């Protein structure tokens, strides 16, 4: 954590007793979670454990039924339009196929924030530089590789200067040789003091950047801790089993 | 072994097909020649296609060609009007509010479940007596100066038939809008959920998501079936002959009766429709293959 | 200002959903919709009154049936409906036969078969049904010596819908994955055997719902036959209007009759579709 940042350490996300159902299916069970400003959280767990649902509740892609979510001092209820200032990177990239890379990055700033076009384009180019693909700005997403597309998606999210970045399995849809280029960009970002919550199975990445590890199973948070403890001395047997399965190779 | 993938070769089926076709043709000739003793007279047809204009000393389009032009005109404007209405209805059908969904649903189901012919009769009655007088088309055309009238004549046909043309056009567009609405709805629903979520995550409101992300992509997907709808409209426009709109089929009926040349007139008219529709089908197919390749 | 976790821990939970205003409930939309529909009917009614239209709804039941000396005499609308259903039923049988033949020719290796089916499909697709009806009635009927306009009409509709039926059948067969053909070859089945035991059992459930949809289209398109004096529902309606000048009542009633039949059938089709989808 960047200790020179005066706001570091203050809670930016608090979730208390959050429950979420999809019909009869109990997707989140009594989630209690606090994330401080600048904290890097990595969430892992078996599929269907509620990891994605948890972060999607934070930026209101899903609405929770009971409990309280407060982000940056704002109560997250079902008012439309909440959670739009939180950056999100999706597993399937979800770039806009009918827009160029540059237009993908400037659409939000221009249409949602009213930033002048020239300024938005300058910002976008700066972030495309940061994710190391400025030369692709005029291309359409379908002309890029998966790794490049995901880096565009990261730049697109950063263009809105979000306080929080959410990553929903950003490398799961990528061919193995492209995973590293995306993780490198994420590691850079972590070094800049951004608050990040990543759902990922990349445990090497987690060891490098995470301040806090979270293990989820069946909709509940089973174990929380700093990576040094989490990877070596997990207390819960389900965590131990999961770790032994994904780390054994 | 998958059917239809191998190269065609001579096959026992060819024998069956050829025998049947040749047998049918021979039978038709025999019936026409020996039983009906029908004397073909194709000479009346060219005169109805083009006529020699004494005043300008040149050939001018006569009834059948003029009818075909009216058919194309009416289909074109009906397509424009129906597309506007159809996009609105299609968007309404995917709205998150119940009321617009109900209205669009009611309209689409109403049109799709009543056969076109009774609908046209019912509707024509209403349009020609209620809506057309309200529009004041005749006055509008007459007040349009000589140049304006010339332009309007190219776009909408002769001034004395403008009300007749408009009622056919509106009826046709109302029918077509229901089908276009379904095309648009399918286009919108084919946009993956991730696109909405990405739109939300870059800060756009639902309105902006629809305008900036969903509609541009949906419309690109909808253009090929919409072009196909133009061919459907050319074909369906023949129905407005039943409410005395003076397009190709209507004039064909009149000429066939007045000349008592049913064989020649209907075969010619069938061929005219075929040429136009088939040419459109080929052109649209070619355009579709050329356009929008980068989207996949 | 941001609260710390300890402050929050003590504070009561705030609700995740705001209470909904009563005007956001779905029934409000339904009521609005009904009001709108009512307003439309009122406008149409006023429009009719504006041209001094004399409503004679009391005469309508007689168009369905009359009771004379305790005996029920069916009226013209019932006769017309019967003819329409007769056309649709026989039309469906012929449509399926034509569709099957054309689909087989299209999928065959025979060159002339493919050409013939192609010519048929393009001709049907690129000419209006009205022109097809005219050609069947004014050209083919005398040439082939059919002396019953009703059957000319049924034949014409069957040729028209047959093009769609053949497309549905072809699409159904093509939807069975290539691997199934290859697998049937490896277990020693002939092409006919592959069709019979492997492909058709998988393709038929896919074809069934859209083929039922053809019945709806047959009923809708049969109205065009009123143009050549086949005495189906629309013709009867037009004749009644000619006799009584009750255009609005009769078109409303006839429209409603079509609406009820086709919507019932459409509901049946979508029920079938759901069942087929659920089984897969």
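As written, the chains take the letters A, B and C, and residue 1 is the first residue of each chain.
Here is the rule we use: a contact is a pair of C-beta atoms (placed from the backbone, for glycine too) under 8 Å apart; a residue touches a chain by one contact, two chains touch by 3 or more.
Note that this is a predicted model, so its numbers are computed, not measured.
S.K.: By label order, what chains touch subunit A and subunit B together?
M.R.: C
S.K.: Pick out whichever of the two, B-C or A-C, is joined by more C-beta pairs in contact.
M.R.: Greater number of contacting C-beta pairs: B-C.
S.K.: Farthest from subunit C by Cα centre, which chain is it? Let me know.
M.R.: A
S.K.: Mind checking the centre-to-centre distance between subunit A and subunit B? Centres are C-alpha means, answer in whole Å.
M.R.: 50
S.K.: Centre to centre, by mean C-alpha position, how many angstrom separate subunit A and subunit C?
M.R.: Here the centre of subunit C sits 49 Å away from the centre of subunit A.
S.K.: What is the distance, in whole Å, between the centres of subunit B and subunit C, each centre taken as the mean of its C-alpha atoms?
M.R.: 19
S.K.: Which positions of subunit A touch subunit B when the two form their complex?
M.R.: Residues 59-61, 80-81, 83-88, 90, 92, 94-98, 107-108, 111-113, 140, 142-143, 153, 156-157, 159-160.
S.K.: Of all residues in subunit B, which touch subunit C in the complex?
M.R.: Touch list, subunit B to subunit C: 1-4, 6-14, 17-18, 21, 28, 31-32, 35-36, 97-99, 102-103, 106, 109-110, 113-119, 121-122, 125-126, 129-130, 231, 234-239, 241-242, 249, 252-253, 256, 262-263, 266-267, 269-270, 273-274, 277-278, 281.
S.K.: Considering only the defined contacts, which subunit C positions touch subunit A in the complex?
M.R.: So the residues of subunit C in touch with subunit A come to 1-5, 8-9, 13-18.
S.K.: Which positions of subunit A touch subunit C when the two form their complex?
M.R.: 10-12, 14, 16-18, 34, 63-70, 72-73, 75-79
S.K.: Where on subunit B does subunit A make contact in their complex?
M.R.: Per the touch definition, subunit B meets subunit A at residues 192, 194-195, 197-206, 208, 212-213, 216-217, 220, 294-296.
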